[in-house]
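What follows is a group of structures, each given as structure tokens.
Look at the two complexes coming up: subunit A is in both, with subunit B in one and subunit C in the other.
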Partner chain A sequence: MQSKRKIDWQKIAPYLFVSPFIISFLVFSLYPFINAIIMSFQQVNGFNDAKFIGFANYKQMFNDGDFYAALWNVVRYGFWTILILIPLPMLLAYLMNQKGIPFKGFFRSVYFVPVLTSSVVAGLIFKYAFSSEKTGVFNVWLSHIGVGPVDWLNSSGTAMFALVVIAVWRWLGVNMIYFLSGLQGISPELYESADMDGANGFQKFWYVTIPLLKPITIYVLTISIMAGFSLFNETYVYWGAQSPNNVGTTLVTLIYKAAFTNGNFGYSCTLGVALFVIVVVVNAIQTRAMGLFSDEG
Partner chain B sequence: MKKSFGKKLGLAMLTAVTAIGLAACGNSSSSSDSNKTSDGKQEITFWTFNDAHAKFWKEAATSWNKTHKQKIKLKANVLPFDQENQKLTVALNSGTGAPDMVDVELGQGAIQLKSDNPPYYPLNSALKPYMDVLVKSRLDNFKKNGNYYGLDYHVGTTVTYYNTEILEKAGVNYKDIKTWDDYVAAGKQVKAKTGKWMNEVESSALFQMDAMIAQQKSDYIKNNKATLTNEATVNALTELQNWIYKDKIARVAVGNSLDNDQFFAEMNKGNVASVTMPSWYMERMADHMPKLKGKIAIAPMPVFKDGDYRSAGGGGTGTMVTNQAANKKLTAKFVVWGKASKKQAVKIWEDLGFDPVRYDVWKEPVMKEDNKYTQYFGKDIFDTFVQLEDQVTSTTKTAKISPTLNDYLLKNTLPSTILKDKMTAKSALEKANEALNK
Partner chain C sequence: MGQKASSRLRITLSLILMIFLAVLVMIPFYFMIVSSFKSVADIFSNGLNVDINFSKMSLHSYETLWTNRNGIYWSWFKNSLIITVLETVLVLLFTSMVGYGLALYDFKGKTTIFAVVLIMMMVPSSILLLPLYKEVSQLGLMNTYAGVILPAIVPASSIFFFRQFCMGLSKEFAESARIDGAGEFRIFWQIYVPLMRPAFGAMTILTTMNAWNDFLWPMIVMKSDTNFVLPAGLMSAMTPYGNNYDLLFAGSVMSIIPILVVFVLNQNQFIEGLTVGGVKG
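Coming up: the complex of A and B.
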């Protein structure tokens, strides 16, 4: 009888080590998540006063013009940021990875610095830069080519431009770092053999680099989509909770407004659940389209 | 052997740290019951979004302790505006973690008073001794089902601030401006002679429009229904729209409101001849427009027609006692005393630059004494305010429909009338009314 049931620390230790995360995940993520789904079917009237109202919140959402405006805004925002924030950082990373480029370390850090600033502070600076006044930074630039002054933040197209500019400024460096790490994982022999086949620089980039960066590209695309849908800070700094004709309303703005401006927590949770479903569906489509789960994957 | 002991110790420590960490999460708010310090002082926690308010209440606690038996120890916590509201809403909803007393801005108060059981302690009995000397319309802002849940810092008497330097150049005497028609005529003269704007119009705030509606003794909410199509509301918005697009004496405010850094700079540079804003705008001017010191005259608002009020009340922040306060009665007494007792009311003027809710002190000579406001605007500020004391009414801000109505106006109505001249004020308001009463 060997089994004097001693505690097997070897086996328990890993669980203990991950327990802080698991417990805080259960308490701070899973529980609120489930609760939010429940609350999305409730009318929460201020304080300790909730009653179930079936699908009324969801009905309200589908009849809410602001919801569609917000959805359209984040889709457009996602489209533009992805269109710019994948090819451009990839190209930059490619350049940064070339031998013989001077001041590489310096440029890498310069591109990376914006993400270290708080998005609220950056938003404020850009808000002033996008001022409708002649003296706003962007209007001064435009005045050199005889255009403007433009009232940037008050009409739809220019407002979207202002949002995309801040996103590009902010995330260019981060995405570049992702691509850079991907590039450094590509074996130099592949380029050598491409050289022997007589490929030029562009061909090497197109036929070797891009395909081998696919995993990184998928990752960057995924986080970009999620970031697009959860856009909030920048718009809140630009306009607060109310933007003229909803030019800066996003899904998170609506969630925030439902909860903290209108005190309608049930509806706020409904919008949250909708955002969750939308992001999951979009990401599922995207990963399927990119062949992430296929056998070749 | 030694090794395994070290391992066990490590695990034990890890577990302990985890346990403490999690316990700390839940513990911070279990302080409800009595909360007395070792020397018998009642500890009162206070949240605000304004540094100056925190300082004001800390000093109030010190003077309270000099004259009262039950001493107070005030712990003030200053948070950014949005963060305070979020934290407070969560704390009040979850029933734990809220402070004893808290500053709540009028618009936010409206949301929290929507509930039939507001999470606050009524101030009625504490207010009783002071009822005769307080401006009643300011109390009503925080009233629900006969209970007063908050006491404002100020009345927010709305006045027109004129840049006398610009007006003199244009040959206008502001004292001759009695009606809005006079105002527009003067504005045209200012524009023609100096090229400056008479005013700038808010497209993302409602202070101007609210004041112009209230001065006509009207309102845009009745029995929780929007009544935006009434004559006074249409008049007010039409007037503002005309200033920009018909009379061309104003433009859309830089930064879209009169209460933001970009507009402060614009006004400070001497590009705008006047603004109509509540009394708390004095603080904005004194702090952000140093170049205008000694050049600003304070006058009653122009009117639409005879018999209109020459002022209105605008904005406001109430101090409320939460239903989680350790000693509700004492906290309520302290809050009311802190604002409504005579000495404290004077301090509200001296320290914060507000027109106190207790109006009998407005006539006291102490209101003319030297401070940064009398230096900036002259000594007779309250001579103007006193004339307007009974004319300070406001549009409804605390009805159930208020947040939605506010949201709609800022999002749709002002953009299509003020920001762009797309619709007439009347049709824009009709559209809003229909959407809101659907």
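Coming up: the complex of A and C.
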């Protein structure tokens, strides 16, 4: 009898251990998600007054210029952050990982500190640095080469630049640490045999290091893409919920604005569902691509 | 001989590039700190600039942290502190349990649950902004710490991290403890939790950082200005109506200090933690 009770307990225990996740998932993810899907088909005027309106919200979304502007911004942001935040940290990690480099721990900490600042504080500082006045930091720098002053946050290209600069500043150190850990997993023998074949530093980097960093690169790529889709804080600090000509509008900006500026709860949920679908599709494509990469490697 | 010289040249060039990047990375902090000792009028007329002029600099901005609107800055600070500590403790407790359960037991539904964890890791929480707001307000949790904290205490990424860590731990400890008659929870608490110490170290800092810097969700839940968390408060100080610009730079500097202290004290664990989560992901 007693041993039977013990065996039962051992079967129940794992469910108790995972129960916090199950409860939290049901209450704070699945329930609101189902709610979001329902509300995305409703016109909601206050939480107790909702009526079904079919696909009207979705039609509105597909006719909403702001939606396409936001998508385009997110795609461009993802493109630029990936273009910079993969090669630069990779190179930096490679430099740091060389034999004979002093103060490695110090450099690592310095590169890492920016990510500790909240995106809001980072946004505040850069907002002043990108001021349209002649006295703004970037305009002062430009004035030395006789350019400007530029109204940074008011036109599309420079606004994107101002967003990407924050991303590069905050994430350079984190991505470098990812690549550094990848480099430390590469056997030194590979470099030795490359040396024997007479490879120079660049050839070693290109033919040995880069291919072996592929898994890390894919991981960094994934988190960069996801960071783009959930971009909000920096844009909110720069422009609030409404930027000139949508230069800083993201999908999350639209979700926020529909809900808390315009009180259009149904539409906010529609945009949330759309973002969910987009993220799932992008992930599926990426998983496919990763599969292709691993076949090839 | 020639090889030695060329390797010294390589190291020197690398160091120059590394120092250059390190200086670039530090510039925003330099601006922030210098500006925090300047008057608002000076910043507005001369912009953010690197000039250090001691006759124009003072601790005035830091004093306003206490005087401005009866020291509202410290209510924000206190709110951030309470939320961060509570959230971190709960996250560590719950996600270590779940990760342990997923790694060290075989049970029906395990694969499904783990698949759900992986999906939850991909989905940005902002898609549920409005329905969560509705739920939290219907539960009567607006303007409360619980409203900010509850939806965030079992994050999938932290479960994943603990699960990965526990996969590397032997099941034999549990088996022999069972033979000795130890209960399941005691096995977790007295045998495995001590073994998971490095994982706890890494997750403490990561969770602290996320909670301390969280902005959007606390901004939505905390409606009245004394209830703001630090990032939302600093943001609100930027509105043209408030005349609170004094707070901005000194307040930003002060907001970084706690997290910097936690980082400096635990940086090796932190960096290890980050990479374990990343590489094995």
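As a working rule, the second predicted complex is superposed on the first by the 279 of 297 C-alpha atoms of A that agree within 3 Å, B and C clash if a C-alpha of one lies under 4 Å from a C-alpha of the other, contacts with A are read in each partner's own complex, and residues count from 1 in each chain.
Keep this in mind: a contact is a pair of C-beta atoms (placed from the backbone, for glycine too) under 8 Å apart; a residue touches a chain by one contact, two chains touch by 3 or more.
Please read all numbers here as calculations on a predicted model, not as lab measurements.
After alignment on the shared subunit A, the placement of subunit B and subunit C results in a clash. By the touch criterion stated above, A:Ser243 is placed in contact with subunit B alone, subunit C being left untouched. In the superposed model, C is the one of subunit B and subunit C that contacts more residues of subunit A. Contacts of A:Ser132 after superposition on the shared chain: subunit B is touched, whereas subunit C is not.
Contact with subunit C, but none with subunit B, is seen for A:Tyr15 once the two complexes are overlaid on the shared chain. Once the two complexes are laid over each other on the shared chain, residue contacts for A:Asn154 go to subunit B alone; subunit C is not touched. When the shared chain is aligned, subunit B comes close enough to touch A:Thr261, but subunit C does not.
When both complexes are aligned on chain A, the segment of subunit B among 94-102, 220-228 or 364-372 whose C-alpha atoms clash with subunit C is 94-102. 9, 13, 16-17, 20, 23-24, 47, 128, 131, 133, 259-260, 265 are the residues of subunit A that lie in the contact sets of both subunit B and subunit C, per the superposition on chain A.
Those residues of subunit A that touch subunit B in the shared complex are 9, 12-13, 16-17, 19-20, 23-24, 27, 45-49, 66, 128, 131-133, 154, 239-246, 257, 259-263, 265. Of all residues in subunit A, only 6, 9-11, 13-18, 20-25, 28-29, 31-33, 35-36, 39, 47, 92, 95-96, 98, 100-102, 107-122, 124-126, 128-129, 131, 133-137, 140, 169, 172-174, 177-178, 180-182, 185, 201, 215-216, 219, 226, 229-230, 232-233, 236-237, 252, 255-256, 258-260, 265, 268-269, 272-273, 275-276, 279-280, 283 touch subunit C in the complex they form.
By the touch criterion given at the top, residues 7, 10-11, 14-15, 17-18, 21-22, 25-26, 28-29, 31-32, 35, 43, 45-49, 94-95, 97-98, 100-102, 105-107, 110, 113, 116-117, 120, 122-135, 137-138, 150-151, 153-154, 156, 159, 178, 183-185, 188, 209, 212-213, 215-216, 220, 230-232, 234-235, 238, 248, 252, 255-256, 259-260, 263-264, 267, 271, 274-275, 278-279, 281 of subunit C touch subunit A in their complex. Residues of subunit B that touch subunit A in their complex: 4, 7-8, 11, 14-15, 17-18, 21-22, 25, 82, 85-86, 89, 92-93, 95, 111-112, 114-119, 203-204, 252, 254-256, 262, 403-404, 407, 410-412, 414-416, 419.
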